[in-house]
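This structure is in structure tokens; I'll ask about it shortly.
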Amino acid sequence: MTGETILAVEDLTMRFGGFVALDSVNAEVYEGERLGLIGPNGSGKTTMINCISGALGNYTGTVRFRGRDLGSLKPHRRTRLGIARSFQIPRPFRSQTVRENLAITIEYATGASGAERDDRAEEVLQSMGLGPRADAISAGLTQIEMRKLELARALAARPQLLISDEAMAGLSSNEVDELLEILFRLNESGVTIIMIEHIMRAVMRFSQRIVVLDAGKKIADGEPDAVVADPAVERAYLGD
Amino acid sequence: MFTFDLFWNALVAGALLGGFYAAVSLGLSITFGQLDIVNIAHPAFVILGAYIAYMGNEWWGFDPILTGLVAAPVFYAIGVGVYRFYYEAFERRDDEALRGLAFFFGVMFIVEVVLIMAYGVDFRSVQAPYIGGNWEIGTIGIPTRMFVPCMVSIAMFAAVYTYLARTFTGRAILAVSQDRLALELMAADPVRVKQVGFGLGIGTAAIAGALLIIIIPIEPSVGRLYIGQVFAIVVLGGLGSISGTLVAALILGVAESLVSTFYGPSWAPAVAFSVLLIALAVRPQGLFGR
Amino acid sequence: MTRFWIGAGAVIAIGLLLAVTDIIANSFWFFAAYVVLQYVVLATAWNIMGGYMGYVNFGSAGFFAIGAYTAIVLYNLVKAPLLVMIPLSGIVCGLMGLGMGYLTLRLRGVYFAIGTLALAVVLETLMVNWDYVGGATGAYVIRPRTLEPFGDYVKFLTFVMLVLAVIAVAAARWIERAKFGRGLHAIRDDEIAAECAGIPTLRLKLIATTLSGFLMGIAGAPFPLYVGFVEPASAFNLAYAVNAIAMPMIGGTTMWAGPVIGALLLGTAQQIANVTISSELNLLIVGLVLVLFVTLAPEGIVGLVRKYFGRGR
Amino acid sequence: MISLNKRGLLAGAAALGAAALIAAAPAKAAEPIKIGFSMALTGGLAGAGKSALIAMQIWEKDTNAAGGLLGRQVKLIYYDDQTNPATVPGIYTKLLDVDKVDLVVSGYGTNLIAPAMPIMMQRNLTFIALFGLAVNDKFNYDRYFQILPAGPKPITDWSRGFFELAMAQDPKPKTIALVGADAEFAKNAVKGARIHAKNYGLKIVYDGSYHPKTADFTPIVRAIQARKPDVVYVGSYPPDSVGMVKAATEMGLKTKLFGGGMVGLQYATIMTALGPKLNGIVNYDFWVPEPTLNFKGVEAFLKKYQTEAKGKGVDPLGYYLPTYAHAYLEILGQAVKATNSLDHGKLAEHMRKTTYDTVVGKVKFAPNGEWAKTRTLMVQYQGIEDNKLDTFAKAGTRVVLYPKEWVSGKLRYPYTEAR
């Protein structure tokens, strides 16, 4: 594939009480890649990215980023290492403006301050097309603007790996295309992207490779067309 | 000094006390546990209920529990009114957490002060035939003053539990904060549902107040003493679990009674709250939490 | 030198001038000012957690009281002077705040608030049963009659409280403008998102709770010398918990000026009501004002002023 | 240097002030004599505080009707301390510096007296206190006087009568249980009882305290019962006194002497609530309507009080505290009249040596400001059959057993029989 391994997940297992949400999942992501992560509801996708981003810390197995075992590193440390994520349901800092949302992230995730911080915030604002809304309180944004802010904040952390968790659910097809454009541009600039999505059109168009989870297990991993044709995947989605 | 005699007696006394705690906590279990409304003024409403029971008893010689039952619909209406106001002022603006808390803090103060202005701060108590009796079953003594409130409390729990489980509105109350989807499927208006739930919660305060004044003499600021206790019980029982509240109240009553008998009564409240702190730290969702 | 620091310096200088001279011969003003200033410290301390970070502390009275009790221990042990009591009370309460900070790992929102309430009850029970500090009977702390160059010792106490208030407000103002404060702000809005934005939320929360505890502790340290007799019911008085919440709410929780304005207004109003109305109406007013403000002016007085002058964002 | 200069300034100011005072003196003669105090009108002690205030206002009215003091009217100036000690220092400085009161007396209760003490001492003011327990043990202030008739050693004098009664029985009791609330007075009461128990060689089989908000006393009474004490001494506050009595009667507490330091059993509302459950209890009191205690003026005072108290939600009988609240002002008034001055030194001097005649009888202070001799009564509740207020207004329902001078009846012993 494109480059060397940036993220490796080995034997990743996560239990909630008696329920096994992730069962010995192994996967790799390569530098510069666009990876799609799909699976039916409750298949463990969000659990997996929670483990990768550190929101869930008590998993067993290993998550390696650029060869380094992330162990029990807290989410903020992982963000600083270069793993950024967006949330399925946008979680902006509601009482702050869009610009402030980005500035605070830049400040803490990259350590930039003063003019440098403000310049970068402006840069991200422009690249995401949020310029006109820069000084609006984020609680008042529209749905698409929220999604953009969610991605923008992830970008503000200057990630090497971006995990986008269902950024497109509920958007119109024009809006989906708009977000896809942004993600493509990002990828071109060198950011590796994991995209979790239900909208198959978007996943198929975007992904170079697709990983499929079902009931906490990886059931397929390969090129999009091959994966979609896989009978196991079909069974998972449509039932027996 | 330990004897089984003392132990069983402590257990029974604790259970009876717990039964009473449960009555005071039930309303909060509904308003806070089910509806997510942090009504710290709940004990103040209980005291209000106690004063109404006192009035009925003092003026017309009514039985306090009977007065409580009669007053409950009035309290329901008060609850509906308070919730309407709360909704318009806070919930609708999505601003309930901190300011809603402060609002109920203020309500608590106002209720207390109005009671002081009306009745002064002298201790009040009621007369009823079951105050002062005692049953001896073997070596175990059961004061009727504790037994009657405990039974009334359990009956009230049963009634509320049945209502919530069996009726349409009851099920909607159970769903209103936990399961929006179910609520939508039921085509119930959340505001109306919460209004009924809150009214119900405050309604129980009328009866709980009557039970309170049967057990101890009261004055307007007694209510504050129960804030910690009732929250401890509701959280310990697990938010949203009515039966959990009952069990937690019994546990707290028994814990206090055992510590009181065998260790030293002055440590009883600390033990209750320590249990709460530990429970919060180890299992924040409570014993029977969702 | 910014305007703030010039102002702060001026406040201290004027305070010192009034305290060492007899321009205000009437010592009532000092007694009243002491109480109001004590609330400035308490409200500001509460607001660092409650306002900036969004964690409601119902246990302010517990911190205040432990500050006072630390001072009593020091008094009983070595007759320590006030200027030793203050930092040590602060440290003890700071450590308690640190402990409470760890509580935030498990408890959020209302659970946390109830946890702090429980903490205060446990602490009160401990003090009730600890005879060395007087237990339930109470402890006497006899203050010196005079201290030069202040004359009446209470003038000195009031001046010290003024300095503490300036320190607390300066700390709050610093937080508000620093990266630290922006981090707290993000935590208040969304803790999980904050963590994912690279903000070390636990560390920030621990610093904030420690600092808040420290400030509440120093507010309580001079209390035994002020009243002369401390028993648990008065040190853990609900009034401290209520005022610590009500004052920032009324003044406005988003800015350092909020708790200051709230404490000055409500504190002064209480002092006046104390000696004029002198009845239950006094409490009723606190309740009504609080309800009125939280319903009609959720951003407090600071918010109202901003709105009026169109400085809203 | 600074301090020297300042002293100079002070002296100058003082001289000027004095001159101003002298000049103003004749004009001031028409002004009333102001007596300042804090009083618990809200909060935990408000019930007592309000009843005390009524008694004090009766004194004010009567004194003014009789021509006032030193040819001037008297005026009470008071503020609500909310039963919160932290408000007390502010209130007294306001009284002294802003209202310029001439005389000061205390509010009700130890917790609210103590915070005023540093101010009194700083200004060398004569201070008469209303129901403070052993406040002066720590301050040793020679212008402090206290009206509660506990006696010169308040902590032990408080329960002296209870123990003398117990030890006079045959056979002598051998074991005792001590129980009290976790609060100022109760702790001190039990502390005194503990000392007596040791001195008399009583074996302490239970020694416990409980949180004042305890709702059910059954476990405590049961734990006590399990140790079979001959005597049970209780130090408690109104709500827990009621709880204790209820639990004890329900369970049929088997002991020979029960009571001691239970606050609240003296209040009419609580007596009427408990009614016959009180029978047999031996408890402290300060004034009861027994013929031996019919001091001059007390009947007239109580009549006025009972009229005033109607509908105010305070104690309707007014025996316990109001009589003393009236008496401490009587003493102040008598001292002012006798010394013909408002000079605090002279007043204190007079109070130290004089025996005063008041509605609570003759009052003489010891050097520490307490009563020279204890008159903490031990009374037993007897023959109560109903819950009517009038029952408690007649003689014979609370007979005085101690001290000897005031005895009005016989102890019914043991408690199990007297009940």
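Letters A, B, C and D mark the chains in the order given here, with residues in each chain numbered from 1 onward.
Keep in mind that, in the parts below, contacts are C-beta pairs under 8 Å (C-beta built on N, C-alpha and C of every residue); 3 or more make two chains touch, one makes a residue touch a chain.
What you see is a predicted model, and the numbers here were worked out from it, not measured in a lab.
Closest chain to the protein centre (all Cα atoms averaged), using per-chain Cα means: C. Taking the mean of the C-alpha atoms as each chain's centre, subunit A and subunit B sit 46 Å apart. Here the spacing of subunit B and subunit D, counted between their Cα centres, is 37 Å.
For this pair, subunit B with subunit C, the centres built from the Cα atoms lie 32 Å apart.
Between the Cα centres of subunit A and subunit C there is a gap of 43 Å. Shown for subunit A are the residues in touch with two or more other chains, of which there are none. Multi-chain contact residues of subunit D, defined as those touching 2 or more other chains: 42, 44, 182, 209, 211.
Counting partner chains per residue, subunit C has residues 125, 128-129, 280, 283 touching two or more of them.
Taken pairwise by the contact criterion, the protein chains fit none of the simple patterns, being neither a path, a ring, a star nor fully connected. Counting only pairs that meet the touch rule, the chains in contact are A-C, B-C, B-D, C-D.
Every residue of subunit C that touches subunit B in the complex is listed here, in rising order: 50, 54, 56, 103, 106-107, 109-111, 113-115, 117-119, 121-122, 125-126, 128-129, 238, 242, 245-246, 249, 253, 280-281, 283-284, 286-288, 290-291, 294-295, 298. Within the complex formed with subunit C, the subunit A residues making contact are 53, 55, 74-77, 79-80, 84-85, 87, 91-97, 100, 103-105, 107-110, 113, 135, 137, 153, 156-157.
Across the interface of their complex, subunit B is touched by residues 42-44, 46-47, 50, 182, 208-211, 213-216, 218-220, 222-223, 226-227, 238-239, 242-243, 246-247, 249-252, 264, 267, 269-270, 273, 277, 312-315, 387 of subunit D. Of all the residues in subunit D, the ones that touch subunit C in their complex are 2-3, 6, 9-10, 13, 41-42, 44, 78-80, 82, 84-91, 93-94, 96-98, 110-111, 114-115, 117-118, 121-122, 138-139, 181-184, 186-188, 191, 209, 211.
Residues of subunit B that touch subunit D in their complex: 1, 3, 5-6, 9-10, 13-14, 16-17, 20, 116, 119-125, 127, 131-134, 141, 143-146, 215-219, 221-222, 225, 257-258, 260-262, 264-266, 268-269.
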